[in-house]
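Mind having a look at this structure? Questions to follow.
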Amino acid sequence: MSGEKDLEQLKKEAAEKAKAAALAKKKAREQQETEVSEAVAPAEDEDLAKKKAAAAAKAKAAALAKKKAEEQQAGSESEDREDEDLAKKKAAAAAKAKAAALAKKKAEEQQAGSESEDREDEDLAKKKAAAAAKAKAAAAAKAKAARAKQESPEAVGDDAKAKAIAAAKAKAAAAAKAKAAAKAKQEGGEASDDAKAKAIAAAKAKAGSKGAEAPVAEVKPSVNQPYLDKYVKVIEEHLGNDVLEDSYINRLSKDVPTLVAKRETYYKVVQFLKYNEQLGFDYLSELHGVDYETHMEVYVHLYSYKNSQSVAVKVKLDRDEPTIESLCPLWAGANWPECEAYDLLGIKFLNHPNLHRIMLGEDWVGHPLRKDYEPYDVEV
Amino acid sequence: MLRTEEMLLNVGPQHPSTHGVFRLILKIDGETIKEAKPVIGYLHRGTEKLAEDLQYTQIIPYTDRMDYVSAMTNNYVICHAVETMMGIEVPERAEYLRVMAMELGRVSSHLLWWGTFVLDLGATSPLLYAFREREMILNLLNELSGARLTFNYMRVGGVKWDAPEGWVDKVRDFIPHMREQVKGYHDLVTGNEIFLNRVKGIGKYSKEDALNYSLSGPNLRCTGMKWDLRKNEPYSIYDRFDFDVPTREEGDVLSRYHVRFAEIEESLKILEQCVEQFPEEGPVIAKVPKIIKAPKGEAFVRIESPRGEIGCYIASDGKKEPYRLKFRRPSFYNLQILPKLLEGESISNLIAILGAVDIILGEVDG
Amino acid sequence: MVQDLLHSQPGILNFGIFFILALVLLLVILGFVTYAILAERKVMGFMQLRYGPNQVGGPWGLLQTVADVLKLLLKEDTIPKLADRPLFILAPVIAFAPSFVVIATIPFTDKLQFADIGVGLLYYIAISGLTTIGVVMAGWSSNNKYALLGGMRAAAQMISYEIPLVMSVLGVILLTGSMNLNEIVAAQENVWYILIQPIGFLVFFIASVAELNRIPFDLPEAENELIAGYFVEYSGFRWAFFMLAEYVYMFAMASLTTVLFLGGWLPIFSFLDFIPGAVWFALKFSLVVFMLLWFRSTFPRIKADQLMEFGWKVLLPVALANIFLTAIIKELLSLF
């Protein structure tokens, strides 16, 4: 059908794709090579330094690069196979044509491709923009990983086009998977599929947030994504662009939108979440701390009875001097949980009305849930 | 001039009405409480610390010891958290067994609460009546799990054992019996004038207060908040059952009493449907790896226990032990409002108010 | 018989006879207490789907209380270091002695009575009030906050309920024209006062439960609030004395109720008078005791402020109205 229409172009595209695949493969290899020395790669560091503390960034960048490489390899491998077999390639080209049309063309094809994707149905223009943006982002990320500085879309125009198609294809696959998962209400999804989709999505999210400063309106196969976008949008509208360190959908935790606030803006963000009319998170469901050895983290789970929506807010603290504003002025119910976090992890909450060691007593030495805790015993 | 002096009174940690090792330091003027300061931690066993060195299956028995009155819900919450992280689909039959076990546990928990609450108010007999039915439930759960209180019945991916022959029929027979008894309980206590005088209008708080203090469960629903995780965020197979979320508007001790009683009825409704829909056969545990390793990442799930919202947070680094495990324990959160409620009340009311919060100290102290 | 003794010469023999008689009465009462406790436990057991005592002394646990008393005798007698020692030791005695003294005036049958005094009823009420002193003393001297609260509650409760108690029997006194308990029984030859004085009986019965500190009026002890109230620091036989006082009062109050409202030893119908009076008395008395046990296993405890409110705002006005009503009716009847 649509494949007949511009077979010529498709063939060209396929060729381009093969080229792109080869390139990607090469890049992936390059990446893998550089990965070892990634930890000290200066260009990468400079770029990332804007976002993250240097030490954390290194570890993350390594993980990120690995993930990206995996993704790319997965893509390039399948394309590689296509290269080998011409007959297969034609069949694949037809499929690809569909995917290309999906990315480029209009409603009918899209509906056929991803019927359950409401957002795609609703907003095609947006989707196109999203695809483009993602392609850009992907291109940027890849380019960065490979050659660090070639971010201009013109410079990698051909590449970008090919990649856009590839990205759209991957997305379609992810969408299909997500559809299956959604149909089974996230119960029926195979673990492996889920994990794969998750990995792709996570990698994309990372790439997106890293590669492009502007919020990338990505369409991810999560029912909660629109909510997360809304929260982020509202927060950025009111509190500025730099209050959130990160925001993502936590797939492991029933797709709960997760916001990572900065240490300085944590209280402001939570306060905003509670009092903003659109958000209205009026219930503190849970508050606790986690010791991640590199840093401390406070995890707050909020719930909005008005909108029947959850959100998780996290904040990273300096491990040696973990202090953070108390949420007691907002919720009286934060009192004891904060005492508990103080008692077991040593996180100090400022402005807390009565911060004391609620479980162990004031004469206890050390904070047991810290990973480096040594039981204190006078007898020994 | 007549002069009164304030006096410090230690209620607990050994006191018949604190239901465990809970301590309240009261500043009283005569019998009027000026200030109440709760002290907890006497039963802190460091479950969360211990769990960091245990495999997921090994943690389950520890959860039994938290809320030892309805251990099944605790079993469930950790299994549910791990299943959510790993994306395990639990077999149908296992889900039904779980729901039945949890609802039986809910009924027995509310029964125990009723008995001890009324005992706190000075009526001795209802406790024994409550224990009669609770005994039947414990026997049922005993047949299912092999234990009467600390069941350790659920596993990641399902349950440990299938129900024995004829167990479901026993549950079926139990439901009408329980319904009959609930009527009797109402006749015995609910209409009693002395009882009503002691609980009506006592320990009142508004919906806003309840949300502010992070209350959950019957303590929240008694203020008119129609909120039950089984209904509003269905987990397991609760979306299949037709049941109501009982609420009251008053927010006093009596309303909490009524909510809990109505919940017994609703649980019986769920049990009834479970018995009807119970699949003839099938596996009771999903295919899970021998050594359970939750994927790297974190998850927080919450479910509805008889006392409110019980949650489980797992941060995993992909190993077979959790990196960090945290339980959101409803009693711990619900108890926070106590000092506010006690201000200006008398010692007699203290007993009624504390009783109506329904705390389990094993859960408060973790 | 006691009247004769009172009029005889004082001497060692007569003293001995008095002493032995009193001892016999004490033993009878101790026997009652022993089996009242057993009965309470058995009745409560049956009402609560339990068996109650069933090991010591056969399947009915007939010797259970004896064993318990023996255990109490063997228990270590502890006195808190900071207690007011003399008062602490004296308190159980002061609490117990009046309970035994009031029994002297109760006419069990027309013949079996120790002291037939003209103001028997007044005597009873006056003496029984003394126990509260013992209770407050115990609460104070224990140097324990719970005990103090219990003692204070006991004092407040006694004052609040003694008054309606007295007021409720005024109707009976009006109708009889005497405070002598024998004459009160005799006046019920035809119809018991429970039928003529139903309001008076209700007020009296409620107030008497409150006087006995039994559920639903057991605030001074209130196990779930004050742990054991005024005797929280007592152990062994001192503690047993308080319990003894409580059960002896139950005996006395049930007897008084029988005498005042249920016609004492008189048979229910006159043709049944071949049954001895003692049996009739025992039957009615048991019924009253059973009512008390029944209350105990049914009702929750009332609240302190509600107790006061109920005493002053409900019972007292009702009792006063009852007196008024009785007086009017009596005057109207005497007109015709």
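Note that the chains take the letters A, B and C in the order they are written out, and that residue 1 is the start of every chain.
Note that a contact is a pair of C-beta atoms (placed from the backbone, for glycine too) under 8 Å apart; a residue touches a chain by one contact, two chains touch by 3 or more.
Keep in mind it's a predicted model, so treat the numbers as computed, not measured.
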Chain located farthest away, centre of subunit A as origin (C-alpha): C
Central chain of the complex, centres being mean CA coordinates: B
Distance from subunit C to subunit B - Cα centre to Cα centre, in angstrom: 44
Separation of subunit A from subunit B, taking each centre as the mean of its C-alpha atoms, in whole Å: 36
Gap in Å, rounded to a whole number, between the CA centres of subunit C and subunit A: 79
Subunit B-facing residues of subunit C, complex: 44, 47-50, 145-146, 149, 152, 215-216, 218-219, 222-227, 296-306
Residues of subunit B defined as touching subunit C within the complex: 7, 9-10, 15-17, 30-31, 118-125, 128-129, 132, 188-189, 192, 194-195, 197-198, 346-351
Partner subunit A, residues of subunit B touching it in the complex: 40-41, 44, 46, 48-49, 52, 84-89, 211-215, 225, 227, 232, 294-295, 297-302, 309, 311, 313, 315, 323-324, 326, 328, 332-333, 335-337, 340, 365-366
Subunit A to subunit B touching residues, read off their complex: 184, 186-191, 194-195, 250-254, 256, 282-286, 288, 290-292, 299, 301, 305, 308, 312, 331-337, 340, 344, 358-361, 368-369
